[in-house]
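The structures considered in this document are given below.
Next come two complexes, and both contain subunit A; in the first it sits with subunit B, in the second with subunit C.
Showing the complex of A and B:
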């Protein structure tokens, strides 16, 4: 045990390196701007009441407000009333930093809308990817047809093409079709996943031929076989693919940034983070980190729920 | 139910010719076993009949109808695979129900949830459930219906695979070594069950097996396949007692038949170990030939004999005893069947002389084809058919 201490040391160092950004993110989402600037307050911050200057500014009383409030403060001069109203605004606008950050995250930008967009886009992509990849992988793994090897080589070749290399032509095509600033622009380019085809094909290779022949004898057609025999046996592999696909597209900033210009109704969660990019005063780190925390939480929860099956899927041993 | 007719079917995988013109007619309700050494093309032939593989040439008919243009699913055949090929994600009960569900329910009715709401689904589902229960009871897997195949032993899986094939009422059953993974006791039991089932259903069975005992005990006819051809297809006793070719004689029978080199003298008389026998061929080429003698055709003899040797090994099976005898000029040992009472005379190393019944001698020419027209010399010249 003592001889292994250095292994643990290395592992712990690795863990710290991986965890540190998350730690900062969550911690910042709890703290007030002052604490963030000064780097104090530990993990949770001191959670002292803070005043939201913008909120106070918005409620800066003008003549009408003072006139309206005059009834409440009989016998006071206008400047007294003004001071009283300001004090009222101050106390209304003061809150704990954590509440400030998270309310800002949801009110400053329509974060729920962005999350919904994220779900729609990610789910559509994954769903169509599966519909395309499973039959393709089945054909490549189990059906004999002329040119099968060539087609599979093409699939492998496509794995080598980086997304960024073809982003511009893709954008131009979508623009010509008038599809920019639509859900279609966010979904369509990703619906054929060569990685998915490749992964599922490798998994289907391990499914015994006799199983497919038995299904044929039992009266199933090829498509029925794909959905009723191959799909259920491939659940672990599919789950692995789901994680890759969902993480990639949920967190994608690059592509939505390109095809969604202006229309905030189509923003995906990562685009939402831009709403807080420092407007000079840099005081929005708290809400920004709160937004980031909200965005990554669904993924982390999903991963924890699927963890066991995900690991099975990676080792590709769901059968036999 | 229907008969099968296979005509001149050939098949090649790349360069290797696996089937070289196989013809076989199977009557409606007949039980035919396909036996042969590993790799001789039994499974391939079965798969061609099933429609899972396309033949190079030749035709397959089921009940008189050519089936070249029918998919496996449409040929209405049931098959048990050499590997069990059970659906790993379905329970035993669901596995057995699949062929019925696929044929009796339409696509919408098979959908989960929605299907249950369709008119008629319930009644059909109940009927299917009844068939599954019957099949499970017959195969004694009723208590396993809710398990997944992964939780079963090899023998149990094999019975589930049988159940899935038997639950339907197909034109014919194709079974590819369905008992190969059962232990000896279960194998004997299931063998009897399949034979009974065949009698009860009066269905056509094509049964591939390595196991001669299975083939001999269950079949109406045995087709012996070798090197991509069917060498002989005949009832079990005929294949055993009256084989057409030396390969058939060697393949069928355990322990193996004794093959001794023989010479056909110019006058047609046969000579064994330079001693003329009282047997002659009527026609055909002279020169080398072979004599086949089943272990039970040999008997001990005192006195002079062309076959003399020493006991080198003996196996006592209780009811009978097989003794291997090393004969001086022969490369292979001769196996003799004896009764355990003869043990005393057959101790290791004992010199023995062997005699045999000429009527039980099987003569094969240099090519391995059987020579049936023979003349017995010492009795009044008679011909053995």
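Showing the complex of A and C:
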């Protein structure tokens, strides 16, 4: 420890730089606009009651409200009643900054909907990728057929093409089919994971042939073998692939940005955050950072709980 | 599928020829969905982009004209695209060596530690996991010229001995940089965030590579007179990490070429002050999708694909030449 102090010094400096934006994001999501502006309040802010000006404005009493409330304040003049109602609105609209920020995050924009879309899109992508890739990987690894080498070369060639790079022609194809602004557009380009095929093929190569022969003896067809015999053996590899795929698509911003324009019902979390930023004014830093925190948290928490698996999954590429 | 399943139950009675036919049919049935999707989703778009790059096509127009190599000519003559190449290359040439170097440095430091190594590893990996767009917005706040944490911290150093640094002295006398609004700093801020996000990924790969370096090699090197830590690194560690380095550099390059999120988040229009951060992905997005200039967008796409494929092929060639010392 004493001998290594300079190493810790360097590494801790790195930690500060790496953590800084996370610290700021979470901290701002706790603070009131005033505290953010003046840069005070430490990490959690002072959590003093604050008044939501927009909420008060919405409850600004008009003539009818005053007439209705007149029964509650007998013998008072209209302006007194008006003041009393305003005071009520003020107290009803005041809350702790942290609650203000997080409720605003969920009410100003349909954040729950965005999160749900994120789950739907990432889950569909992963399941279709597996349904397409697993049989192909099995055929390439364990079946002898004319053309196998050609198919495998095609897989190797397709590994060279990053889907983001061909976004423009894909967008044109989807636009011609009238599919932009649909879930299909968000999912289709990712349905084929050549990397998944390659990875699963390499994995299946290590599965002993005896296992498959035994299954054939039992009268299983090739299709049944894929799902009943190969799938269970592939669970560890699939788990790593799942993490790889889910992290990539939950965080993806480029592709949703291209195919989803304007239709909020289809926004994925990053798109929702982007829109929030676009129409937010200065006082909305808090709720915006709350939104960012909500979007980033699920993966970070999952990562902290299962670090080994996550690191394995994300660095899968390294197995090539 | 059902046909195959039923007939397979007769397998023991079949001749080997019939069996081979069965297997072939099953194999094609199993690969068909993947094959079809590969052709439609990956190969067709490349061909379409290739063809469209020689036209003046726009979505919504019924027809188009072949314009020959006009689009490519524009790419190499107009100053906008010159800025695009400069921004992209600056980014790649800065981010790749620094994120690989920092990844390696962090891995080497962490690898020699007994305690706390897991904590450092976890923290350095956090940016890789986090949604880049969200973190870009967090960085934008940190870099805010007046209320951002960075300029506040810098202002706090005014009047302290730190002021001997010319940068801080200038900042205190006048004002600290606008960062994202200043064309001198914008691209470097983007590079910094790219490095911040990517070096943990490289570190983890290097840590995995380091576990495969044999202890005996160090002893052997020491006997041969490699006394200093630098000698041990130069003679043993670095060569042993060859395959990892090839991979790490390639993947960092490909990722660096694809930078987009931060730039779109900071400057939705135009690619930064004076187009200083107008990288290729953003150009494809702006020209091809927002301005509907499909021809020019496709030309950039083809150039982009050429870069990425070239890099990957170099990597495969290096790997096949066996940079291994196993």
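By our rule, the second predicted complex is superposed on the first by the 274 of 320 C-alpha atoms of A that agree within 3 Å, B and C clash if a C-alpha of one lies under 4 Å from a C-alpha of the other, contacts with A are read in each partner's own complex, and residues count from 1 in each chain.
In this section, a residue touches a chain if its C-beta (ideal position, glycine included) is under 8 Å from a C-beta of that chain, and two chains touch if they have at least 3 such contacts.
Fair warning: this is a prediction, and the values are worked out from it, not measured in the lab.
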First (subunit B), second (subunit C), both or neither touched by A:210: first
Touched partner set for A:95, first subunit B, second subunit C, both or neither: neither
First (subunit B), second (subunit C), both or neither touched by A:288: second
Contacts of A:254 with subunit B and subunit C, given as first, second, both or neither: second
Which superposed partner A:229 touches (first subunit B, second subunit C, both, neither): first
Partner chain in contact with A:173 - subunit B first, subunit C second, else both or neither: second
First, second, both or neither for A:220, with subunit B first and subunit C second: both
Subunit B versus subunit C as contact partner of A:84, first or second or both or neither: neither
Of subunit C and subunit B, partner touching more subunit A residues: C
Subunit B and subunit C contact sites that coincide on subunit A, given as residue numbers: 216-217, 219-221, 224, 320
Subunit B - residues contacting subunit A, complex: 47, 50-52, 71-73, 77-79, 81-83, 85-90, 98-99, 102-103, 164
Contact footprint of subunit C on subunit A as seen in their complex: 1, 4, 7-8, 10-11, 14-15, 17-22, 24-25, 28, 36-37, 39, 131-133, 135-136, 138-140, 143-148, 151, 154-155, 158-173, 175, 188-189, 191-192, 194, 197, 216-217, 219-224, 226, 247, 250-251, 253-254, 257-258, 269-270, 273-274, 277-278, 285, 288-289, 292, 295-296, 299-300, 303-304, 307, 310-311, 314-315, 317-318, 320
Sites on subunit A touched by subunit B in the complex: 208, 210-211, 213-221, 224, 229, 232-233, 235, 319-320
Subunit A-touching residues of subunit C, taken from the complex the two chains share: 1, 4-6, 8-9, 11-12, 20, 23-24, 26-31, 33-35, 37-38, 41-46, 48-49, 52, 59, 106, 109-110, 112-113, 115-116, 118, 120-135, 137-139, 141-142, 147, 149, 152, 196, 200-201, 204-205, 208, 244, 247, 251, 254, 258, 260-261, 264-265, 268, 281, 284-285, 288-289, 294, 297-298, 301, 304-305, 308-309, 312-313
